[in-house]
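Step one of this worksheet: look at the structure below.
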Amino acid sequence: MNNYQPPSASGSPRFCNMGRFMRLPEAKNAEGLDFAILGIPFDTAASFRPGARFGPNGIRNISAMIKPNNVTMGVNIMEELKGADLGDVDVIPDYIHETYSAIEEKLTEVLNAGAVPISLGGDHAVTLGELRAIYKKYGKVALVHFDSHLDLCDTVFGQKYNHGTPFRRALEERLIDPSCSIQMGMRGSLYDPDDFKIAADLGFKVIPGDELHKITPEELGEIIKERVGDMKVFLTFDIDFADPAYAPGTGTPEVGGFTSFEVLQYIRNIKDLSFAGFDIVEVAPPYDHSEITAYLAANIAFEFMSILAYQKKKNK
Amino acid sequence: MNNYQPPSASGSPRFCNMGRFMRLPEAKNAEGLDFAILGIPFDTAASFRPGARFGPNGIRNISAMIKPNNVTMGVNIMEELKGADLGDVDVIPDYIHETYSAIEEKLTEVLNAGAVPISLGGDHAVTLGELRAIYKKYGKVALVHFDSHLDLCDTVFGQKYNHGTPFRRALEERLIDPSCSIQMGMRGSLYDPDDFKIAADLGFKVIPGDELHKITPEELGEIIKERVGDMKVFLTFDIDFADPAYAPGTGTPEVGGFTSFEVLQYIRNIKDLSFAGFDIVEVAPPYDHSEITAYLAANIAFEFMSILAYQKKKNK
Amino acid sequence: MNNYQPPSASGSPRFCNMGRFMRLPEAKNAEGLDFAILGIPFDTAASFRPGARFGPNGIRNISAMIKPNNVTMGVNIMEELKGADLGDVDVIPDYIHETYSAIEEKLTEVLNAGAVPISLGGDHAVTLGELRAIYKKYGKVALVHFDSHLDLCDTVFGQKYNHGTPFRRALEERLIDPSCSIQMGMRGSLYDPDDFKIAADLGFKVIPGDELHKITPEELGEIIKERVGDMKVFLTFDIDFADPAYAPGTGTPEVGGFTSFEVLQYIRNIKDLSFAGFDIVEVAPPYDHSEITAYLAANIAFEFMSILAYQKKKNK
Amino acid sequence: MNNYQPPSASGSPRFCNMGRFMRLPEAKNAEGLDFAILGIPFDTAASFRPGARFGPNGIRNISAMIKPNNVTMGVNIMEELKGADLGDVDVIPDYIHETYSAIEEKLTEVLNAGAVPISLGGDHAVTLGELRAIYKKYGKVALVHFDSHLDLCDTVFGQKYNHGTPFRRALEERLIDPSCSIQMGMRGSLYDPDDFKIAADLGFKVIPGDELHKITPEELGEIIKERVGDMKVFLTFDIDFADPAYAPGTGTPEVGGFTSFEVLQYIRNIKDLSFAGFDIVEVAPPYDHSEITAYLAANIAFEFMSILAYQKKKNK
Amino acid sequence: MNNYQPPSASGSPRFCNMGRFMRLPEAKNAEGLDFAILGIPFDTAASFRPGARFGPNGIRNISAMIKPNNVTMGVNIMEELKGADLGDVDVIPDYIHETYSAIEEKLTEVLNAGAVPISLGGDHAVTLGELRAIYKKYGKVALVHFDSHLDLCDTVFGQKYNHGTPFRRALEERLIDPSCSIQMGMRGSLYDPDDFKIAADLGFKVIPGDELHKITPEELGEIIKERVGDMKVFLTFDIDFADPAYAPGTGTPEVGGFTSFEVLQYIRNIKDLSFAGFDIVEVAPPYDHSEITAYLAANIAFEFMSILAYQKKKNK
Amino acid sequence: MNNYQPPSASGSPRFCNMGRFMRLPEAKNAEGLDFAILGIPFDTAASFRPGARFGPNGIRNISAMIKPNNVTMGVNIMEELKGADLGDVDVIPDYIHETYSAIEEKLTEVLNAGAVPISLGGDHAVTLGELRAIYKKYGKVALVHFDSHLDLCDTVFGQKYNHGTPFRRALEERLIDPSCSIQMGMRGSLYDPDDFKIAADLGFKVIPGDELHKITPEELGEIIKERVGDMKVFLTFDIDFADPAYAPGTGTPEVGGFTSFEVLQYIRNIKDLSFAGFDIVEVAPPYDHSEITAYLAANIAFEFMSILAYQKKKNK
């Protein structure tokens, strides 16, 4: 057992002291940690419904319901790992480049301390800032990307930086290696009929939602593993990958999506990849109800933490 | 490219000028159009929760999120088709017969102009008014009906005209041919144990929800095609066909329903029928949350428009 | 036909006189009844979100939408059965032992009158009070338990009586026979990694959610039947068995759950067991929206009533 | 003390058995009663937002919070008066004339039994049906009318019967005497600039909202008393008299309105009039939040009941 | 009568065709108009809750309830004035300078056509763009500013352009004359204790909320008139001037505010000023309920339109 | 300036790191502090709507909007005072006596460290636990009590400890001196007609809501000062003192209440009393909307903190 345990619910009900992820201890920096929770409350780049700036707070509040044991994975994350909540990156609403600098700086600190960053968005634009820090630490990484949108636009509203463009920019900045990367769950109406082709031309593998509905989580796990190989992976999860019935609280929901159980299974089937970092983005609490979206997001982060614990336990 | 394009989201964010379906141009009449959007904001005939009078407004507002390309169908509806939003039929709350006249008149104009009417309800009673206009143009049509209810009651509350009776009336008025018609998704508790038998006795084919859950969308497509044959089809979609998790914003929701992905697939599998018209009914925004019901309804209309585009493209 | 019919919706719209379950007649006691509806509006024992005290009211209000025929089961519950709504047990908020006495007393009356109690919770702690009455009437019974949690904790917050402990207490009080009992749907993060093992050690059979997702409703029916054998059964259904998308209005929702259609099928596949009583618990209306949770709960109760009707009809 | 006491909250928490107004006993008819609660769940005639059909249920549910003593009035209504909840009039949605007959019949029964009817709407159209019954019992009465609208239109949507026309019809049917009647609180934008003049020409006294804001509740009491004289009075209260901040849950809210405290004071200052009946209308629960509108409505009914108790006590 | 009438509610219920302010006709430009409605759906500059981008849509939808006669003012705005809805300015989320250009260009067109611009925000940052256009037409104007905040910060988040800085920038750009300007209603906790002094030093007159509560609307009218003199006036109204009870749907609500009736009175008492333009800002529909905030905002715009009509009628 | 400053909003937007009151630093204990924020998330004792357990979290989240300067008081609380957020008392739901012990222990620590406790409820039962600690430190204190209820019942539901009984118990335990105490704002229907008399007989001074509406805040200040004299004061504020329009998010709202501006004024007029402690109770977030109730509560706490700052500044 380590010193980074949240309070026992037996002594402290879960609705006490809800301000941090899973009621983890707060920490000023990531020294000595296996993972670090970071909020990135930036939603300036949202193209439709804003509100993801309250995502980190929303996810943290309801994450009080999560307990440390992941039985499916066979691990207690709090026993295997040292983790803490480092609070939020001080973003600057309306000023995306200054915000990118703040994100990059904070993640760099975390990565240099040897911890895995687990970021809570914010809109999907924030991932570009994260990838810049990841790149400085690891060089190019593989992107494993769950989403209903490709986020590969060249411009949105005639502008280069937006929550629809981060991976186009990441590619141009050579932060990710498309030949090892995969995007899954894309669906819905599109501006450009060639979106999937464009992604392919850029070097990505895309499994559209329609196709993903036809394969099993195990099969998906194999496909991802083969694609990624030994590359270091950044896992980015846009909550709108899930169907609006399961995740109404988001900026650009898309029908025809996935259930919460499918979401859990997909993540559990990539438990052997080597992860550089993770984010869960686009949770917009003003559009959530009864916190079901935030709770799904919190569980996705928990599953990712469980993978880290599983790998640490296995390597003992 | 034609003159009926909505503004480009690149120049005009999707939350600008949201008042019309997919931000299509407004038109006074249907001359020269392939399809015409009509709102029918009538909910007087609702037997439980009213509110569908705000359905057209609710669907139009969130439809701003829909983009012109349907990749699954392989079409850009705005390039293939000329369409416009003709606004709402001026219904008269509390006066159903006067409202039926207004609906019939408006649809007749649209049909005579050679456009396919795409109507946004309103409760399901409005379909009777639409079918009267359809009949004047095409004679008897086949009804393809997705719903959790048969809507074949003789009377509700002891009265003949209500959202539970339109297809009984349509049959009596000989507007539809039951031998080519099909009703799908019916479920839930019933007043009359013989409802399905009554439907059969009236000549309809019914696939109750329980059975529909057992067959694939492709199989359903075959069944419908066989039933309908070469008849002109009116497609009527009651949003309560979907499960309340996916469509809470409706007047008489029913558990045990269908997912948004199933809904999309069912429609895509009837893309070769010959359609006289379409409506999506029973969206009640006061009971919706985060507009997930209205957005599903907007996508159903979009899939129907995609079928029209697919057929036009194929026939070039 | 009997005297316990609700008003016909033909003469009295379903939104008239909504205060009782399915608008059944009110009764002071259960004499002459086949089943008796009881509300148990106690939520003091909730460990996270309270609000289940308004569960009985919420379920009753929306139950007005349910009609008497269950076509899948082939029965009209109102023709086969005499039932009435006996109102609520007068619970004492904050005083769990006094409340247990009140529950036990009321259920004992119902059972002694020969009626099957159908209870609307309330949090899951109330089931212990019910089981005490059931035991006095039938001796040990088999527990058939749908839930996302085992509710087998020894203590919660260091205390013995809580909505997380009822079945541990029931076991200690020898009210149920674990060797004939089964718990299904458990999932989510846990405090104790050995929870499922503990349940097994206590003698229960547990089918965790992950496993349940892999078998059919028919297979589940067989497993339950085999487990239960000829024992008298108490069926307890925690609404959080369903996924939060289907049942957001509850105190401790858990992702990765089941659809409303699966819920209906599971119940229909145990229609040949011999039931001593039933409850549906943990509906928390302050967290519901558009009453979808309450309506699912009402339908679960309706399916249980349909089983009673089916058995009575079969045994005629 | 009489037999018509609601359960003591000491023995039965107020959230138990919430289905009737103030948890009063249910009664089949008004024999022996001083007052009778009636729901009239009709909202077909609403010109903007429907939903008032759920008004009686909404008001009844939250009325559980009201206790029997009105300290300001110095009375315990349950000790002075015998009252019961007679349930809802079986209205027929979409069929206003049939509904008027049902209302008239039910109120006639109540009036003939010697009880004062206290009706919970429903939209304001229902008052016409009530006034027809009142007229049969008492002849013409004085109307004391709190509202943000005059409801004196000749037609709405070109039709005679609607929630904007009841008092024009009542005047034409000679059910009320305008020379003893008064309308208060009218405000907001108007279709006809001469609305207030029309009301005056028809013989009514109108105190627009702007003027009412300038006088005290005591002064208003004097003005009403002088206007009404010894006439039998029907008090009709449209909840939209209150400002939307206090009563958001209504069909046609109007800014610039009155506070809940002003509402209570206005009613308390007419405690010496001779009342034939009362209704509170236009509560639309789908637009309410946290039941504040329904609770204000329940309190308005309670203040009216307190007047009845005060008069009975005084006359002992 | 002119050609710019909205449809009569008698022929077209108010819930039909809700997409434009008061259901006015749409126009491409302001030629021949007395006033032009413009939406400015920009909320990138919000410092706390975003969502005001949906303000124009929200205000337009509920404005359908407003009728053309203002009885207090004695005018029918539709008879006195020609007005139309010009739709939204095509803002660029996240790009404030590009958005300012778009706003300035659109307002310049309107002003050059001789119409008064009536703008629906959007957050308060948009007013700077409007004032730039106003200045090009009229030179420096007097600012009459209702708000709970001064919006005179030099920087927010270390940046110059934000919804907390527009009037500091306007002053620096010499768009407004502080010596004729007045700011009213400011209240709440502050970052800088000298905020009111700073405003005074910059030349503004400030009436904090605490003081405003002590004077009558008539007195306020006199104070404003004296301050403004003969200057052309831009009236900017931040909806958070009203108390959160009356206007919950806003980004930075402040307790201790004003009622809807006070708001109406304040505006009616400045009906003799000479107005260059008007905006109502900071309506955030995701935080509104039952549209009470949007409806108050729509009424504020209506009162402003009534002033224009009153002045035109007077000058005939 | 001291070390207990929250982060500057200029460097850290207010929606970053929202978990603590006004984003104050966290502290393990109260050593060296002027005041200490404590959450007491207990709502087991609520007699109607529970949910106040989420009150501390709800108040903390929205308190991020509060800034350090109170201009009306002329103080910057962060410059005058050292304060920190000590987190929540670890309550035990369902176990009121154990919870009282936990409250008493925690407050005793705070008081012994020389800090003023500022507690965020929780239901009103928690105040008894606080008063026990206060008594141990100061002996009997004067109670200054804003509320719509007296909370002086002997029993509720036949039980001694509940949110309706704390001040009866406090009196019996001789924790408060009724002859120096005052209760204000009581209103609404009552179980016992003699409630006000009982309070008087017990020695309290009561100013019912009806009377309070007739006097000015300044007059109230004088009355309180006279009543309290030099006694040490405990200020307890039940949010339901405010009208439901201003504070919908509470367990037992009462119409006829007070505005947010009145609330602020009442507190500002007692700025010269000598305070031993303070609590704000009964905020129930599940019933709040747009956080207006929680924000009012946060401002009430802020006004209290401003009094402490004002007194410290004055005494320098």
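Going by the order they are written in, the chains are A, B, C, D, E and F; count residues from 1 in each one.
We take it that a residue touches a chain if its C-beta (ideal position, glycine included) is under 8 Å from a C-beta of that chain, and two chains touch if they have at least 3 such contacts.
Worth saying up front: this structure is predicted, and the values here are computed from it rather than measured.
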{"item": "Chain C and chain B - chains in contact with each", "value": "A, D"}
{"item": "Chain whose mean Cα position lies farthest from chain F", "value": "B"}
{"item": "Pair exhibiting more inter-chain C-beta contacts, E-F or A-E", "value": "E-F"}
{"item": "Per Cα centroids, the chain farthest from chain C", "value": "E"}
{"item": "Inter-centroid spacing, chain E versus chain D (mean Cα positions, whole Å)", "value": "38"}
{"item": "Whole-Å gap between the CA centroids of chain A and chain D", "value": "55"}
{"item": "Geometric centre distance via CA averages, chain F-chain A, whole Å", "value": "40"}
{"item": "Interface hub residues of chain B, defined as touching at least two other chains", "value": "11, 13, 15, 47, 53-54, 92-93, 157-158, 243, 245, 287, 289"}
{"item": "Contact pairs between chains, per stated definition", "value": "A-B, A-C, A-E, A-F, B-C, B-D, B-E, C-D, C-F, D-E, D-F, E-F"}
{"item": "Interfacial residue positions of chain B with respect to chain E in the complex", "value": "7, 11-13, 15-20, 26, 39, 41, 53-54, 57, 60-61, 87-93"}
{"item": "Residues of chain B that touch chain C when the two form their complex", "value": "47-48, 155-158, 188-193, 195-196, 208-210, 213, 243-245, 248-249, 252-253, 255-257, 287-289"}
{"item": "Residue numbers on chain F that touch chain C, as the complex places them", "value": "43-47, 49-51, 53-54, 92-96, 98, 157-159, 161-162, 286-287"}
{"item": "Contact footprint of chain F on chain D as seen in their complex", "value": "9-11, 13-15, 65-72, 74, 76, 243, 245-246, 259-261, 263-264, 289-290, 292, 295-296, 299, 302"}
